[in-house]
Amino acid sequence: MINAFITTKTVRFEHCDPAGLIFYPRYFQLSHQVIEDWFKDGLGHSHADLVVNQRIGIPTVHVEASFLAASRLEEILEYTLQVEKLGNSSVKLNIEAHHNNELRCQIKQVIVFSQLDPQDVKSMPIPDEIRTQMQNFLRIE
Amino acid sequence: MINAFITTKTVRFEHCDPAGLIFYPRYFQLSHQVIEDWFKDGLGHSHADLVVNQRIGIPTVHVEASFLAASRLEEILEYTLQVEKLGNSSVKLNIEAHHNNELRCQIKQVIVFSQLDPQDVKSMPIPDEIRTQMQNFLRIE
Amino acid sequence: MINAFITTKTVRFEHCDPAGLIFYPRYFQLSHQVIEDWFKDGLGHSHADLVVNQRIGIPTVHVEASFLAASRLEEILEYTLQVEKLGNSSVKLNIEAHHNNELRCQIKQVIVFSQLDPQDVKSMPIPDEIRTQMQNFLRIE
Amino acid sequence: MINAFITTKTVRFEHCDPAGLIFYPRYFQLSHQVIEDWFKDGLGHSHADLVVNQRIGIPTVHVEASFLAASRLEEILEYTLQVEKLGNSSVKLNIEAHHNNELRCQIKQVIVFSQLDPQDVKSMPIPDEIRTQMQNFLRIE
């Protein structure tokens, strides 16, 4: 059974390098956009409200990515996002980008809910309301 | 024994997010700058000459990164780059960023020497001259 | 009479700075996305096809921009693009971004159709088919 | 008489587009780095301290730029920054980038000292200490 958040992103001129291919740090910008979309449309809780009003951030502490085939200007990437593991403060995500059924990029990423004090970044439990919503995207194998 | 390429990078306004911290995709931009510096100053072979004149690229096929402590605006990051494994076409790098002896970010990254044909990206053996220079940066444990 | 290409863009986390506002170079990335959308959806000619297959670029030679009010994370910007002047090789664009009827940013930008030779960038006449389409977006006052 | 702040920036892989040229929004990232260097090394007042500790920002409200010749991967750009006009809250800067005596890019940019309240951005007088230092970089013709 697959229980994923799905969206698409277009490879833009700004993402491409002199080789004409997407420059790999841009994949992480795109996958963060997918996470932002997931918060808003999948979890029903805007990421901007968390960061700006509640001063709660979701810094990435670990990421592992495979880039399996090159992506090119104006291609549309089909993204799926799933929750692999739901911890107390941390969430392990699996994010994949396909184009025409070809897997282009797979990212496993751990984000940690954190209080954004000016001088410090402290982990905190995932707010209950958000945790409940996240369970709908747990990967079941 | 440590045999590393060493350089520094400054955390710029453009790297920082609304939380006031470096946004993690920017770490990969900075580590690519470290790789560019390494080619030019460590290996004696400009990355621009490879890409533009010889149409040889070094796309990243795998990356694993841990972000251990937050980096902030205008901090100077001390980078070390070492070769962990030297394959036929691929090179596994270990790139670390410290600030005041605190490890901020560790990246293990596999790049693959590739011919940049307009329609295809094909792996190719590492040019001999570059391979010889790379051996000077092999991590010996 | 207004004859404009219209689209929307979302202010993303990657666009915002430590002040929580959009960092102004990102406005130019967004307006370039608007130009890309215009080529594809407004002019019926993919920008990627121009650049990659025909080696025709549209470098910007002049830009003048006013940033009239701050834009914030997750706001949706409503873009309008119009042609102010259609030259032999050059096109002067007027691009505006509004949010809730407030003008956030106005950009006047001159792009020049150019042949992308490896060692040189030479201006060239706007291809006829594209020029014809562009006339539909001429600003009439 | 010329009274300018001078520094250099390298064109990086991340700045270049599929045409192999610097993508023009990156020029504005580079010129902001020049402004950051000017605050620290020219005015003796860190931009980070302003933004993070004093919550004073310097948003750009107007910019006019000419891109006169293409810049390419790994070229070193020689930057000069001068103050054209010193207002009560605003500063008009003239920033130029040369390579081998060829003018690549000229930017006229107005920044405004502003208090960064969470909900608002209000202009404020330039702090006296900074104003005094800025006078050393006034363009005298």
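Labels for the chains are A, B, C and D, by order of writing; each one numbers its residues from 1.
Simple rule for what comes next: a residue touches a chain if its C-beta (ideal position, glycine included) is under 8 Å from a C-beta of that chain, and two chains touch if they have at least 3 such contacts.
Please read all numbers here as calculations on a predicted model, not as lab measurements.
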Report summary line: Interface repeat test, C-D vs B-D, B-C or A-B, passes over-half contact pair overlap for A-B
Report summary line: Given over half shared residue numbers means same and under half means different, the chain A/chain D interface is same
Query - Rounded Å distance between chain A and chain D, as computed from the means of their C-alpha atoms - result: 33
Query raised in the report: Centre to centre, by mean C-alpha position, how many angstrom separate chain A and chain C?
Result: 28
Report task. Compute the distance, rounded to whole Å, between the mean C-alpha positions of chain A and chain B. Result -> 23
Query raised in the report: If you look at chain C, which of its residues touch at least two other chains?
Result: 13-14, 18-20, 23, 25, 29, 32, 51-52, 73, 118
Query raised in the report: Taking chains as nodes and touches as edges, what kind of graph is this: line, ring, star, complete or other?
Result: complete
**Report entry** List of chain A residues in touch with chain D within their complex
**Finding:** 13-14, 16-20, 23, 25, 52, 73, 118
**Report entry** chain D-facing residues of chain B, complex
**Finding:** 12-14, 20, 29, 32-33, 36, 40, 46-48, 51-52, 72-74
Query - chain A partner contacts - residues on chain B that touch it in the complex - result: 18-21, 23-26, 28-29, 32, 51-52, 57, 59-68, 70, 116, 118, 121
